[in-house]
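Input: structures, listed below.
First subunit A sits with subunit B, and in the next complex the same chain sits with subunit C.
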Partner chain A sequence: MSESTSRRHVETGVLENRGFLNLRLDPHKEKAVKAAEQILGQAVPLVSNTYGSGEHRVYWLGPDEWLIETDAGDVVALENELAMALAGSSAAINDVSGGYVALRIVGADARTVLAKGCTLDLHPPEFRPGRCARTRLARTTILLAADGEPDSYTIIAARSFTDYLRRWLAHAAEK
Partner chain B sequence: MLLIECPWCGPRAETEFSYGGEAGITRPRDPDALSDAEWADYLFCRSNPRGNHRELWNHAHGCRRWFGVERDTVTYRISRSFELYPAAVPETDAALQSGPDNSNGGD
Partner chain C sequence: MQAAQANRLREGGRIDRSRPLKFSLNGKAYTGFAGDTLASALIANGVGLVERSFKLRRPRGIFGSGAEEPNVIVQVGEGAEAQPGLPATRVELRDGLIAHTARGWPSVRFDIGAINDLFGRILGAGFYYKTFMYPRSWWKYYESAIRRSTGFGRAPAASDPDAYEHRNAHCDVLVAGGGPAGLMAALVAAKSGARVILADDGTEFGGSLLACGEDVAGAPAADWIAGIVAELGEQPDCVLLPRGAVLGYHDHDFLTIAERCDSGEPVERGLHPPVRERLWRIRAKRVILAQGGFERPLAFCNNDRPGVMLASAVSTYIHRYAVLPGRRAVVFTNNDSAYRTALDLAVAGAAVAAIVDSRPGGGGELAIRARDLGIPVLQGRVVCDVTGRHRVKGVSVAEWSGDSWENISKTAHFDCDLLAVSGGWSPAVHLHSQAGGQLDWSEAQLCFLPSRARQCHDSAGAGNGKQSLGDCLIDGLRAGTEAVAKLGLTPIAIEAPDAGSAREAPIEALWRVPAEKEADRCLKQFIDFQNDTTVADIRLAVREGYRNVEHVKRYTALGFGTDQGKLGNINGMAVLADVLGKTIPEVGTTTFRPVYTPVRFGTVAGESVGALYDPVRQTALHEWHEAVGAPMEVVGQWHRPWYFPRDGEDLHTAVARECLAVRNSVGAMDASTLGKIDARGPDVVKFLERIYTHNVGRMKVGRCAYGIMLGEDGMVMDDGVMARLGENHFYLTTTTGGAAGVLNWLESWLQTEWPELEVYLTSLTEHFSTIALAGPNSRNLLEKLGCDIPLDRESFPFLTVRAANLAGMPVQLFRVSFSGELAFEINIGSHLALQMWRKVMDAGREFDIIAYGTETMHVLRAEKGFIIVGQETDGSVTPVDLGMNWLLSKEKDFLGKRSLARPDCLREDRKQLVGLLSSDQRTVLPEGTQLIEQTACGVLETRPVPMCGHVTSSYFSPSLGHPIALALVAGGRARKGDNVFAALPGREPLPVEVVSPAFYDPKGERQNV
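Let's look at the complex of A and B:
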């Protein structure tokens, strides 16, 4: 993670070598869900606005849609394995690594900085580790996740907005 | 700013949503059989009530799903949100045409 520090107790940086797969699947089709889970080695979260951690991170995006975050080097193999396992099911698996960048924002003031551009209630009882949400930050659409460690958040944003978001976060951290 | 309850994500700010107009407008099964007046009615005419209004919203910056909302057009008070396609196999017309008291959606 390349880091930048500021007056607020917060550091932001890009997470390098992250790859992303978009998974569409009918959650009522148990066989397909089980097949995906077997390949992933972890559960596909069925509860809204949560993510599962393990070898990968599997974020809930919608009632039939997930984003899998993993090492960039593993994306192609994982995509192929999932495509094979889900062949014949009403499912879609797509490599969207080119479209997204993961940022991490860490520090005692991380929540305060995020709250300047986000309407979600980010307080821990509400937005605690294991929670994620697609929402808006500073007029862009992001996927925000509360990491396992306190005061640490992952932001997954469209690649083309990343430069703007990093500047916005740096500016927000100065005041 | 409205606080809109997404059936999947819970209450979220209005800025995350886009509006989809009146709910329950069903596309005619055989458009060729309609008169120009009937087709124009389907395309352009809406009930525009004073009071309770069933309307479509899309959680565009969230889970990206369409759902229904009942909103009072005078007070802007939202009384409930409901899923449009609660079943695994969508029954579009039935889900849209049945009344809000029907057990089609969660609150």
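Let's look at the complex of A and C:
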């Protein structure tokens, strides 16, 4: 993580070497879900606005849509394995590594900085580790996740907005 | 220095005497202390006459002590920092503060506009409407003169140098108002485990407690406040927002608060100026409204003279600011609360000449205490007039029969320099009403009380009609406890502290004191001080036919000032009810709207200014474009390179060079902003057949096709190339601007209309970057880069797609063309795109490759007559209008098909896409130019001139050497060879020839090689 520090107790930085796969699958097709889980080596979360951690992070995006975050180097192999396992299950697996940038924001003031641009209630009982949500930050759409450690959040942003978002975060952290 | 503050009491108050502060008003220097407001410091300095009134230019002084202040509205600061429209009662004093009043020329004392006061008889309600109507064409002259003489300050011309921000927050209980009731409510809620936000407009918590001499729990009120605030500060989830004005109560228990973050001290701005004001956007589960009440003035002749003040304001200045606003006072009241002010004045050392109480029976316990101090109390009497122009000199007192229509005559006169008035109290029900809550009129208390709530709110304390301090504390405790219980938490048990409560006599209805002369002639009984609205104005409005309170408000300007009628509204409604012969609840109130107090534009804008005004979307190649100095074109939020100038080229030279380079060799363009959607699933063909107009099912795997989609109205909605990657797998592209909308459109059909179709859509817009290579050398360039698939015409024909490895990187290659040349599009993961682009530019050097921008792309496609959705189309253009009948399948149904059969869509004279050539071979028609018909005797003979279309795209074509234009012309396809006329500003209409839109290589031979 490349870091930048600011007036507030918060550090933000880009997570390097992250790869992303978008998975669409009918959650009622148990066989397909099982097949995906076998390849992933972890459960596919079926509870809304949660993510599963393991070798990868599997974020729930919608009733039939997930975002898999993994090492950039593993994406192609994982995509192929999933595609093979799900062949004939009418699922859609797409490499979207070029489309996202993962940022991490850590520190005692992380929640305050996010609250300047995000309307979600990030108070720990409401948005605890393991929760994620597609939401707004400043004037862009992001995927926000509460990390396992306290005061640490992952922001997955559309690549084209990253420069704006990083400038916004730097600005927000200075106040 | 201190001697200058002649009205400052020797001790007491919440001011810091060790911190004297210098300030100026209208250029004159004064001193005050930290803890003062501008208003309290002015009173301390004996400045009575401060401002001139809005319309009649009457002399005015400070009347209130808070947000209700109507008279003294100042401009603080100078230059870019100047802030207009602030009531002096809300301006915290700081060292070096510079303030100006809005009016008073040449000076406040000798305002030339005061002549208006003499004409007050004709300057009644509706004066401007009636006078400046005729002749109508003169209004523009009237207006500039009228505007110059009005207003509450001057907006600074320079941009605001301060920083602002927004903050979102959630809480269980939001308490608006930190007085006795609010503090109790917040305390019980926070200690019961609720997440609490407590906001108060004042600089410190305490509300009315800061302005009284009472004890709470056997200790001075200040000690009790400090204890509670400290206790709240220890709670883990309690946010305290002093200087936080709750501005609005919106739907779904969403509230906004403007927090003043600085105390007005000068700041080092530097690179990151500190936040001056913060807008809190709060979602609350429960809301407790404890904003107290506003004291009402009384309506009598010359009730606006400097030195007439609200009784509660007088007490506030004495207790909170240690300022004595007068030496010899008269108190005029219809209720008991003003007796406290009389006692405060007496204790502070002022002489109280009399308490004039309209009630024949007088007051309760407090009246006895006043008499014990030797203060004369006159019962059943009213103040009917005030003498003194720039300062109260005395008051006339008359007997009061209870009938405000009867003329009265004065029976006594008292010399005084201060008149403290109290017409009773109105709970601050603004937020309750904004939230949709109901109001009930209390005949006993003579005020509107909050009743049924529409959202999750409750009122407490004086805002709930409680009068004594003890009752307010108990009510706050009750509201806090009930809120906690409604949240499902267990409220902890807290005792309300002991506080004094005096037995009070009931208030009397006194909305207007009779005048000595016929009331209509008395124009000096002010209801709304800020707008100079008088009792006579309200009567005039009724006489002229206005009945509804909202109409009377608009006709008389009652309640329209920056104070939003906090002072005068209820009195105005009561007078209106009286004139109409109705009850007050029958007349009702006007609508309470956000914002509660004025707010800065900067606060509303927050951090979305300057470089953060709007998000900028950058392609993966942005860094390269910037490095070579390409000017950017803003397309939606995308910044796309417009053109790539070399050696100081201007737009036209650069575009001409770029166009010719593409036509003659090869050019590369960043086309990454196109929308890209992966569509797959067993029903994907069925789905796309319904969306697109052409026969999707007939496309072979590996084929590309140009497709359009229509709205249900049959109009072209979006277009793009689609490719069939597999039997049940498609890749769709959309326009740059349509990307998000098209995906939503497709999803909405899938999710709501055709859920039985098994199709999955995934946006790949951000994942893939697209490099377009166009020109006769594009194939050679790909070969040079090293491509693992054959690129010849037979193996990789026009309108096909191949997965390939190019220059060592995995790509999708499309043989598509938006320029009419042999062309390819390289789709590559955005994380690899910059690397690929550099390789393309390096390998292309041999072919003199150029990068081209959006302008060249537009010229190249216009030369071919290719449309751009949103430029050639505007939501009223069908594919038939565009000459795209060949795209409309006859064998299947698709969205919008039925609409194309509507009679209007079949009209032969619909506007159709054509090309235009300027007859002079020189003029590049401005886009949007209207096209008009030639008539028998010349084009401008008939009026209105017959119009037949407009220009949609227009460029100079470097390849053809003359201007070209695309246009929509009525019945245009049948008119090739005709001349129509382009209406050009400042010129004779120019004849233009209607031609085919395909100007260049009309047979399409160049792209298919």
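Assume the second predicted complex is superposed on the first by the 175 of 175 C-alpha atoms of A that agree within 3 Å, B and C clash if a C-alpha of one lies under 4 Å from a C-alpha of the other, contacts with A are read in each partner's own complex, and residues count from 1 in each chain.
FYI, a residue touches a chain if its C-beta (ideal position, glycine included) is under 8 Å from a C-beta of that chain, and two chains touch if they have at least 3 such contacts.
Because the structure is a prediction, the values reported are computed rather than measured.
Asks: Scan A:Arg24 for contacts with subunit B and subunit C and give back first, second, both or neither.
Replies: A:Arg24: touches subunit C, not subunit B.
Asks: Based on the superposed arrangement, let me know which partner A:Thr119 touches: subunit B (first), subunit C (second), both, or neither?
Replies: Both partners, subunit B and subunit C.
Asks: Looking at A:Asp163, would you say it contacts subunit B, subunit C, both, or neither? Reply first, second, both or neither.
Replies: Only subunit C; A:Asp163 stays clear of subunit B.
Asks: Now for A:Pro63: first (subunit B), second (subunit C), both, or neither, which partner does it touch?
Replies: first
Asks: Which partner does A:Ser97 contact after superposing on A: first (subunit B), second (subunit C), both, neither?
Replies: second
Asks: By the touch definition at the top of the document, which applies to A:Ala172: first (subunit B), second (subunit C), both, or neither?
Replies: Second partner only, subunit C.
Asks: Just checking: does A:Gly41 make contact with subunit B only, subunit C only, both, or neither of them? Give me first, second, both or neither.
Replies: Neither subunit B nor subunit C is touched by A:Gly41.
Asks: Now for A:Ala133: first (subunit B), second (subunit C), both, or neither, which partner does it touch?
Replies: In the superposed model, A:Ala133 contacts subunit B only, not subunit C.
Asks: In the superposed model, which partner reaches more residues of subunit A, subunit B or subunit C?
Replies: C
Asks: State which residues of subunit A lie in both footprints, the one left by subunit B and the one left by subunit C.
Replies: The answer is residues 26, 119-120 of subunit A.
Asks: Touching subunit A in the complex: which residues of subunit B?
Replies: 8-10, 12-13, 15-16, 61-65, 88
Asks: Going by the contact rule at the top, pick out the subunit A residues touching subunit C in the complex.
Replies: 7, 22, 24, 26, 64, 72, 90-92, 94-100, 112, 115-121, 123, 126, 138-140, 158-161, 163-165, 167-168, 171-172, 174-175
Asks: Quick check: in the complex, which residue numbers of subunit C touch subunit A?
Replies: The touching residues are 163, 165-170, 195, 237, 272, 274-275, 281, 283, 607-608, 611-612, 614-620, 622, 638, 678, 680-682, 728, 758, 760, 762-769, 828-833.
Asks: Provide the residue numbers of subunit A that touch subunit B in the complex, in ascending order.
Replies: Residues 26, 28, 48-49, 61-63, 65, 119-120, 133-136, 141.
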